[in-house]
Amino acid sequence: MNKNKYLVVYTKFLYTSLASELEYKTNIIIDAITAILSLVGSIFLLSIFFQNTGNIGGWKFEQALIIQGIYTVLNGITNTWFNPNLREIVRHVREGTLDFVLLKPVDSQFFISLKKISPSGFLEIILGVCLLFYCIKINQIKLSLNFLILCLITITCSICILYSLWFFISTTTIWFVKTWNATEVLRSLLYIGRFPMSSFSFSLRLFFSIIIPIAFITTIPSEVFLGFAQIWKVILEIFITLIFLITSRRFWLFALKYYSSASS
Amino acid sequence: MVENIIEVERLSKSFNISSKDPGLRGTLKHFFNRETKSVKVIKNINFQIKEGEIIGFLGANGAGKTTILKMLCGLIVPSEGSISVSGCLPYRRREGFLKNITLIMGQKQQLIWDLPPIESFYLNASIYDIDKFEAKRRIKKLSDMLEIEDELYIPVRKLSLGQRMKSELLAALIHKPKILFLDEPTLGLDINAQRNLREFLKAYNNENNATICLTSHYMKDITSLCKRVICVHNGSISYDGKLEKLLKKLSPVKEVLIVCSSEKDANKLDNSGFKVKSKVKNEITLKIENRNVSSSLRTILNNYDIEDLFINEPPIDEIIEKILVKKKYTF
Amino acid sequence: MRKIFTLLKVQYSNMLEYRVEIALWAVSGIIPFFMLNIWTNNNLNEAININNIMLSRYFLSAFFVRQFSVVWVVFSFEEDALLGKLSPYIIQPLNPFFRYFTQHIAEQITRFPFALIIAFLFFLFNPESIWFPNLIFLFLSFISTFLSFLIQFLIQSIIACLCFWTEKASSIERLFFIPTLFLSGLLAPVASFPKYVKSWIYFTPFPYLIDFPANLLSGNKTNISEGFIMQIFWILLLFPLFTKIWYEGTKKYTAMGS
């Protein structure tokens, strides 16, 4: 595999998709307002929970805000990368242009899951990062190299898990074509990620750690932020990330096999 | 010696198809129990294509043309038999193979909708490992051939269908493929754009000695481009050979309209042993077998006083349409 | 009327085709249950004077109301406009929104069994919250759910008509969905909102979308007459707005001739 070529192609992807998004300027503004309102709404909801109590599942309001921050960043990433590409895959399958992609001499997963980028999530990422900085301040977190590295690792893992989940759903398009509803299921499950895992009952916690690893997506990075994550949790997260990445890759190859033996 | 660039042997393909009865009851039945059955769409076909040939695939809708094309470019895995395209197994989709071929489907577009086509070209160039200068050179050359210099900088969604198709072609040919697969490339284009496209394909074929496989519903595409055609009927090949031969087989006669200077001459001609189709005053239409055309005409010109003369080419389009429509055609 | 009935029949068999998708959609509405879990697991409900059982009934009702008032006209409309299906619809002697309307009703009928299954599972885990509302309230909540559906349908249709002016109306819908999500009572009953929000929220359409019908269904306290009056008020306000924007939109569409 020629790494240099993939870099060149990716910069082209970046350029072309940003250029085409800029054709719809009002859209970007509306999406920006949506992002702000959405963050305000979730903080509002959180404040409702905290209006009569000091902590939820052992998390104080200031600590729970970290989860909001990480969730917002990840949601921004989803809106910037994962969701637009999913939409693109659905279009490819429905219009039969997936054939063009498969005949390109680049890895089809690379092409199909990274081709699009939409600036509408940028603001969310920025807002989330700002919120995180604010949280670092109000929670009096000491910054150290160790801390930064751990944060980076766990957040990267979260992004990879999220990517795998989204790509998994994208892949099912090959059978079902209409995956909007599956996306909605994923979105509503991910919604859980806005709250600390420990605020849910044991059975739900179990479900969201084992079956859909939402616990790993936001709660563990937040714990790392607060400095009370055990190291085994981080290692576990890395392990799970690898499993997810490999499975989603395998699933895609399997889907392609099906596509090329059954499509007409 | 020109060698076979495409070799297909005992190729078959079956699909599983689920069926549904119409109406609410059918839907409910479908709800609980989807019936699937295996349908053999391609049945044991063989053919070879030499480098530089232009081959037309003819057949009615659903005859299996597109399936064959997709198997040749590696999008569909064959159920049985073997395919070799420029020495590779297509369905492995190796990089070296992919850089050698291209697929163009009419009305299916790969260009980025909101951007000028030039952006898509450079994107494709980077995908095919072509550096910027080389890409620029090729875009220049191809756009000259296609006559679309100005349209390169207009967003695709604002282009007309013909311009868009030309841009599609450019995007598909930027890596100088040796083998072109075209599925209904002229679908929806007006006559002018169709002709331009055909001329371009001819020129491209000449210049690069590229092999072109195309399916089309427009007979003009086939008749003006292809020397050799493969007729597909119900998943089998019913004819494989020269187009002219096919035409001769199907229409052994030409129609000659002769305008005589007087009605008397026309009457004389009427009784001279030629097969007469119709006669109106001094105009008479004769049916003459292909191999006798020149000698018969010489006789007529020498012996009769003739004002004007028209040779109606056999209506090829109609003839080929007959192949498409007829359930079974024996050759 | 017969037209609508025939359309409904066709749409229903069409929707049955998409049963997997509709089942998934039903599943995607389970957020209220997660919220319930947070409320009860942290004893947050004591502060707002709703006991666990009533709260779980409330969230189950909210789930049901949401299931039968989900609207997605914008997305269908935008897709149809993009694929050029709109022109044939416009020349038919039937407002295309009737088509979407019956589509929604048909989809809700298809969705009903899946919603029941989810409710059944819910009762399996929370047997103490089983209840059966008396028939009058059941009927009233049914009416108010339908009115809530109408309000959302009208709002979305108005947004959908913006397709005539801007290419992507669905992003406006996504913007509008945010207040709907947080203020309608789907994630927390309006009763639990802080005072400064409660003071103005009843003048907006949001609490009548989910909170009001869900309260009716679950037997929680609510002002019945005011709720219905406000629902009807919003429908009466939105309907002329919709006809106006539809009229202007089609005029623009036909003038452009694309």
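All chains are identified by letter, namely A, B and C, in their written order; residue positions are counted from 1 within each chain.
Keep in mind that, in the parts below, a residue touches a chain if its C-beta (ideal position, glycine included) is under 8 Å from a C-beta of that chain, and two chains touch if they have at least 3 such contacts.
All values reported here derive from a predicted model rather than from experimental measurement.
Chains making contact with chain B as well as with chain C: A. Located most centrally within the structure is A, per distance between chain CA means and the overall CA mean. One finds 52 Å separating the Cα centroids of chain B and chain C. Here the spacing of chain A and chain C, counted between their Cα centres, is 27 Å. With centres taken as mean Cα positions, chain B sits 47 Å from chain A. Multi-chain contact residues of chain B (touching two or more other chains): none found. Of all residues in chain A, those touching 2 or more other chains are 24, listed in ascending order. Of all the residues in chain B, the ones that touch chain A in their complex are 15-16, 41, 66-67, 70, 73-77, 91, 93, 95, 98-99, 101-103, 105, 108-110, 112-115, 119-120, 122-124, 126-129, 155. Considering their complex, residues 18, 20-22, 24-25, 27-31, 34, 37-39, 41-44, 46-48, 75, 166-168, 171-172, 174-175, 178-179, 181-182, 187-188, 192-194, 197 of chain C touch chain A. Taken in their complex, chain A has these residues touching chain B: 2, 5, 8-9, 12-13, 15-16, 19-20, 23-24, 95-97, 99-100, 102-106, 111, 257, 260-264.
On chain A, the positions that touch chain C within their shared complex are 24, 26-27, 30-31, 33-34, 37-38, 41-42, 44-45, 47-49, 51-53, 56-57, 120, 176, 178, 180-182, 184-185, 187-188, 191-192, 195, 199-201, 204.
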